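Below are the structure tokens for one structure; questions will follow.
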């Protein structure tokens, strides 16, 4: 095996997974930054995206339609969770909030098993995306490049909203200092609601495009949640830039780790999480004291 | 108030009689369930030292339960020891693990503590899964129950469930009795102080890290004992006893039972295990009901079942008092 | 009367990011002295207490207690050496009884920390001491009440009680009369006077009545530095003090 030739391809694999992670981590870290809640149900929302997409595909046969509809449905689920459950528990403190999102994740996973069964599902991707491109001297699946493309589009869209619109400024301000934003007369509960909904929507997008790649199955929530927590802790809870860096880092770690040390890849990741939590709970880019 | 005292004694005596004569009037299968209820009651009471008394949420305590479980089986298998040493070894190894991960864990609180507990649980699970030569990975190790040898007395065969039931009953009652006593000791009161006001506790002269570590280790011992009892009873250990699902189970049981009241976790484990058993024959989606109960309690009854029961008791007694003037 | 210094702050600096909150602070407190620290809001008074009690780490400088350098020691060690502090915002154990609140401090004083084998009620002598302290702070009849249910004034008394229960040599009180009515303040002054007799007291206050009733010496702090130190009369006359409080008006 030619080692040098492998590297760009593996790096690309890592980037693909990193992009999916970032779609999830960006929402998760913003939700934490603003609401101080680590949403254990985020992996389950990602899973819902994949499963909703499967069903839309089943009914309509249109992948592009599912790409629009499924994330919106997940966004609605997110809004529902925040409004009906989270809002009430907010007042009780952090431990009950954690327990609540944990319980919701648990229930969502069981519901998926009931509605769609426990076997992995085959999601049919459209013909255009099924082929391979010749890249780096070999052939590379188009679908994975598609994942990167969609992710970049979503990020560009989010960046525009967050940094170029009034709504975006308000959201960023609320993440930085919600009391002030509240004092200025903005409807902070509504902002929370929207943020949670958008976070859920992002998770839905990740699920739709990730499902065919990472296999749609009831265990996918737990699988990705572990990587997700590592990303969000390492990158710093509340930091988008940190989430981006950490997502790519973990993506590459997985990609190369599985290649060279398949037995220990997971082990090193948990070790990284433990090390970061022990020595720098604020993450690599977070603020200290 | 004397009436209360008599009632309490009546309850204690009849409950003790019930528990002591249980094997006489239930089936073998139900006795199996009873033994598991005992074991998980101990696990939950110990776990509540952290969750309820110390205010520390761990998402990874199956690590201690599982270490106890593996240690017992391995000690029987490789050293040919009998039942009691196996149980004690399980508790001991759990303490060792507690020392290794505890010194890092007790520096953290809240979310960080919870996440680190998960990370360590995952590390230990991955180790158990990969180290096939020791643990046989996911397939697990089967081992017949050893005898209970009492030095100077002889040994008692543990093949029958009834015998093991009485053994587990004695061990669990002794352990839970100690855990109750612990809440009345200086350290037991102190850990509540660290929960109530960590800052002030340190400002009145206590080293809170050392305090938390001590309590973490005591909790670890009993969780290890529970795990050792479980694997000894089931004559089997596998990675399912050390994984995150098991950690979630004990969190559910303890929280649903009620973390603010000493016997809450006991009620929670018995309750959940009972309806798990009862409902799993009716529906395979028992887990959803468990999840729904959990969420409902998080939202409306932070004190769990025990809180609800005590609340009802107060309500009824008040009614009773009003009516009798 | 020449008393040796029990507490010396030598060229203290404390930086928060870019902000230098304590900027070269020098102070010497004599044994048995009652020393008030006053100054405008944000001058660094509570930060100073936080440094003294070990909550914050010093950026540079030294803290010397009875001739021993205690800079950088953690809070529990500083307490054990004999410096105890109260908090501006009431910092008791809300869900414990008043009795248990104080007993916790006394257990620490008697070095009983990790005992997990004996019922806490077996220490009868400590229970007696607890009752004595409760009587001193006027909360003996409320000993079974949950601390969180006391009135504000009572909680403030408990706050002081927790601070003095360990029989410290140096007592740091951070705005002990904050939020009190005139009557409550007068009672608080009497309490503080009684329980700190024979000890060294350092008290942060805004209420000048309290300061003048209690203090032997006053230090004025502004922008993290000492502006003036002296007897109450000297401070009242000092023009620098007036400037610190009135600014550029």
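For clarity, chains are labelled A, B and C in written order, and residue numbers in each chain start from 1.
Everything that follows uses one rule, which is that a residue touches a chain if its C-beta (ideal position, glycine included) is under 8 Å from a C-beta of that chain, and two chains touch if they have at least 3 such contacts.
Remember, it's a predicted structure, so these values are computed and weren't measured experimentally.
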- What graph shape do the protein chains here make by touch: line, ring, star, complete or other? line
- Message: Taking each chain's centre as the mean of its CA atoms, which one is most distant from chain C?
- Response: A
- Item | Whole-Å gap between the CA centroids of chain B and chain C | 43
- Message: How many angstrom lie between the centres of chain A and chain C, each centre taken as the mean Cα position?
- Response: 49
- State, to the nearest whole Å, the distance from the C-alpha centre of chain A to the C-alpha centre of chain B. 34
- Item | Interface residues, chain B side, partner chain A - complex | 55, 57, 59, 104, 107-108, 110-112, 114-116, 118-120, 122-123, 126-127, 130, 244, 248, 251, 255, 285, 287-288, 291-292, 294-295, 298-299, 302
- Message: Which stretch or stretches of chain B touch chain C in the complex?
- Response: 181-182, 184-190, 192-193, 196-197, 199-208, 210-211, 214, 218
- Task: Over in the complex, which chain C residues touch chain B? Could you list them?
- Result: 53, 55, 74-76, 79-80, 84-85, 87, 91-96, 100, 104-105, 107-109, 112-121, 162, 165-166
- Note on the structure: The answer for chain A against chain B in the complex is residues 38, 85, 88-89, 92, 94-96, 98-100, 102-104, 106-107, 110-111, 113-114, 222, 226, 229, 233, 263, 266-267, 270-271, 273-274, 277-278, 281
